[in-house]
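Some notes on the structure that comes next.
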Amino acid sequence: MRGAPSLVSAVPAVAAPASPWIRAARSFVRRPAALAGFAVLVLAVVVSAAAPWLSPHPPNLVDVANPDAPPSWTHPLGTDELGRDITSRLLWGGRNTLLITLGAVALAFVSGSALGVLAGYYGGLGSTVIMRAMDVLLAIPGFLLAVAVIAALGVGMGNVIVAIGINSIPPFARIARGSTLLARQEVYVQAAQALGAGERTIMVRHIFPNILSPLVVQSTLRLATAILTASGLSFLGLGVQPPAAEWGAMLSVGRNYITSSPQLVVIPGVAILVVTLAFNVVGDAVRDALDPREL
Amino acid sequence: MGRLRRRELLKQGALRSVAAALAAGSAPLAILGTPGRASAAVPREQTFVVVDGTEPNSLEPAVGTGPFQAIMNAMYEGLVAWNDKAQVVPQLATSWRASVDGRSWTFALRPGVRFHDGAPFNAEAVRATFDRIFDKSVPATRRGNYLLIKDIVPVDDHTVRFTTDPPNPDFPLLMADVSAKIISPAAVKQYGAEFGRHPVGTGPFKFEEWVPNDHVSAAAVDDYWGPKPRVRRIVYRPVPEPAARVVVLKTGEADAVLNLPPADVPALRQASGLYVRATPSQTIVELETADTKPPFSDVRVRQALNVAIDKDAIIKGIMKGFAKPLNSPGVPGLWGSFDCPPFRYDPVRAKRMLGEAGYGAGMRLTVNLTSGRWAGDTQVVQAVQGYWANVGVQMTIREMAFADLLAFSSSDPDNRPGTATCLLKGSPYIDYHLYRMYDSAATNVPATQQRTGYANPRVDALIAAERRTFDPDKRLPILKEAQRLVWDDQPIIYLLQLVNIWGARSGASGFAVLPTGDFEPGRLAR
Amino acid sequence: MLRHIAERLLWSVPVLLGVSLVVFGILKAIPGDAAQVMAGADATAADVQAIRNALGLNQPVYVQYARWLERFVRLDLGRSAVTRRPVAYEIATRVGPTAELAAAAMAFAAAVGLAAGITSATHQHSAWDAAASVATALGISVPIFWLGLMLMMLFSVSLRWLPSTGAGTAAQLILPALTLGAATAATVARQVRAAMLDVLRQDYLRTALAKGVARGTLVLRHAFRNAVIPIVTVLGLQLGYLLAGTVLTETVFARPGLGRLVVDAIRSRDIAVVQATVMLFSMTFIAVNLAVDLLYAYLDPRIRFD
């Protein structure tokens, strides 16, 4: 219930910190697509976490005598080229895929935000160096940078997380710096400074919570990029290594059988597509909900 | 109509200029020249397109080794060549004979043959070819095989004599290898180090262009000395993805495709407009172990690990029957190779043997692998991993780049106990195979593959004896005894022998893959 | 204006230096010995040592970097360890198919993205808008290589309309360009829609509409001109995505381009090739975004840089 724009409406911008989040949650809930995407993600996370209990078979159990079996009660999605249960591999694959995705974005979130807040708070030469380093990282086309980092570190799950994480640092750093520059001017920061709070306390306790929302928006959108990058690396054989189940790796092996057993490509591909779509839809909704510049 | 064409031209023009703009950063590179598509003039009906998985590293015979050797056969010829029965037949040489002491070989050369650049083929050209193999600045991959040649004498224009030390009954076989194909001395002089980009030989097809990662093409030679080629042009295209090779066979983009994945054969056999064949291959698959230190230094461990693998199930389930069990330390199909009594799959026995060797509580092993080099590689190694797990052996698979794999397998076996490397071995003749795999003079040489460190003095003595024996009837029993001894030792983990799986368009004829992986280009027809 | 151009050009120098440092540093960290790779399987220890000396691999890292950079600036890119041909030749022979692919994908993405985005914005909340938003969401979510495989199975294997592999003809360009351009088309469509909606909401346009300016003219002449800057920006940024995407697309469609070259080179530890290719991709990306930057002034009369 809002009337014509008035002078008053401009003032409450410095409202209590909790309220924008609640407002965002409300706006989020009103979007059916966002809710559906969110439900998909919750389901994916729960199922992945419960993979050890839900899987009908061990994911790497080879049964050479029974390859390429069609769906049955014992193997609901059939078996792959080594007679392994596709259902179990899909569940465990989701676990690994989500671990990589969340791990990489968490890594970028933490290190990117830290770099950005430091740069924004202190400014000076350090800031210049950090931000120019970010420019440099951004100048190397993203996926190529991940490929190069993997080449140096070697393949494997931990290294994939690092490669994609490095790839995702610059946007976090840029956003954190920009927001910190603005936050520094705010009353609450200057008040804290006046009260003699330590610099670390100011950055961690006062600035960070107040610049959180654009970083959260960036994280949700970055999750989609991260999962696509991870599966792309696996596709090139530069990601998670066999026999570990991971969606991109399953797809990578499956493409050798695409003409004889297309389901080996279709199933993990659809899984990646659905989860990425969910990340994107939820990411958009989160952005619209938290971003004051509503479209 | 006219408008459409103009629009198309405009579009292409626009693409070109954007391309040029993108390339502008590398403008000075342009002088190196991008090979044009000069050969578009020959219609598709007269062109035979062969597809395999590997991009050539060089088109110089001594340097370029890999599955693309097939295209080399179109442009080059050797003194002798393999036929489809793995026999050596005349090519640029019309006849040859060994001296009584076996130390020298005299080849009579075919008269009236010219290289594609017009230079005459003669004894000097033969000598120049081998001078280049011995030239240290040329990265000749199989130089070591030819070091036994001590002297090459052009007796006259069309006779050449090689002197070897030690004497070698297999010398003509060595001359059939791709490395020994004869190259034009004039072109070598002209192009030097870049000869590999400008191949000139005497074959039925003359090099046209090489667009890296896309194709190598060669045009039929009008005045070829042998039977006239039946197509005007031959194109070799590397398509690394096995599934994509199936696709190009189905769509007719290729006339013949090599190295088809076994899983696709049943469906391809149902497809119309093409045929699929599975023919013998000289390539075997094995895990080369580090035999100098425990656990692989113990013969019981090696035997147990061989017994623990159900190779028949792997061949049936993963290779879909398109592989053969390997029951010989030699290469079944090669002259002088003998089958031995198989070690039957018996996990209970394997477990007992491991217990006797002191590994009842299990052990950890690592197998290194470069995937993508043959259809089914990762799958077979993962199956082995599963079988070994059943007898308490935890095996880790380590994927690595091929260069790293070679570096690893040629490093000191003392420094990598409990590791094995999955490798392919293609050997043209039996002595070549036995010597490099099992003679202690060859199994622990720095910077060579197959560095297992395996050593058995009795095997060494037998190999030395068979190499000196020119009389095949006397040589065979020695070869047999050597292989029996090796088989009892099980110095490596024997997995299987591959089968060449290839297909061709129904109309195509004359295409047949030889056990060496080569084909005879002169016979191709569409 | 000139000063601005000069500043921007100058600014790209340290960024390029930084990129070169990152590329050199990353590839220096690659395990394995370049000399060993170059020497081949049959080399002796002395051979490997000789190559190591020749390549300067025994010198301190910063000396190696300086020498590498100096040669790079002189366009001496070294030789491929695998083929032993000059790296410049390896790149020159593959730049065509990649440039073609990136340009075609960009053209496709720009055309489809603009058309879809403008239509969605002018018909906000219509069925078309809804369908387009589903399509764009799918477009940015689909794994590029998976899309390529599916298109190949459909159009090459089942329908046999288009060739599956290779490069050189227009037919061979269609599937890879669709594959590579799909996500960019979706991104562009979303940006265009958002930018157009932003502009369409502005008061002056409402006024113009009220004054009776034809809607079509309005959209194209006024709204689009004012939305063009964010659109050009996103196109410039998407080029980086397209260049990197050639790595996957060219692998799927066996296209003889730079993307496949760099993957093969990484697999075979052909470091000189990887360095030069990644540098070339980055330089192109930087150059295009520099050009975009400078375009602003031309596109938007309000922006003057002095």
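When the chains are written out, they are named A, B and C in that same order, and each has its own residue count from 1.
The rule is simple: contacts are C-beta pairs under 8 Å (C-beta built on N, C-alpha and C of every residue); 3 or more make two chains touch, one makes a residue touch a chain.
All values derive from a computational prediction rather than experimental measurement.
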| item | value |
| --- | --- |
| Per-chain CA centroid nearest to the all-protein CA mean | C |
| Higher-contact pair (C-beta pairs counted), A-C versus B-C | B-C |
| Whole-Å gap between the CA centroids of subunit A and subunit B | 45 |
| Geometric centre distance via CA averages, subunit C-subunit A, whole Å | 23 |
| Chain centre separation in whole Å, for subunit C relative to subunit B (CA means) | 37 |
| Numbers and ranges of subunit A residues touching at least 2 other chains | 237, 255, 258-259 |
| Junction residues of subunit B, two or more chains touched | 241, 247, 250 |
| Shared interface positions of subunit C, touching two or more other chains | 31, 157, 251, 266-267 |
| Complex contacts: residues of subunit A adjacent to subunit C | 132-133, 135-137, 139-144, 147-149, 151-154, 224, 228, 231-232, 235-238, 248, 251, 255, 258-259, 262, 265, 269, 272-273, 276-277, 279-281, 295 |
| List of subunit A residues in touch with subunit B within their complex | 60-62, 64-68, 81-83, 155, 237, 241-243, 253, 255-261 |
| Subunit B residues within the subunit A interface of the complex | 241-243, 246-247, 250, 261, 263-264, 266-267, 310, 313-314, 316-318, 371-372, 375, 378-379, 382-383, 385-386, 397, 399 |
| Footprint of subunit B on subunit C - complex, ascending | 31-33, 36-37, 39-45, 48, 75, 82-86, 88-100, 102-104, 107, 152, 156-157, 160, 163-168, 170, 251-257, 260-261, 264, 266-269, 280, 283-284, 287 |
| Partner subunit A, residues of subunit C touching it in the complex | 14-16, 18-19, 21-23, 26-27, 29-31, 137-138, 140-146, 149-150, 153, 157, 194, 197-198, 240-241, 243-245, 247-248, 251, 262-263, 266-267, 274, 278, 281-282, 285-286 |
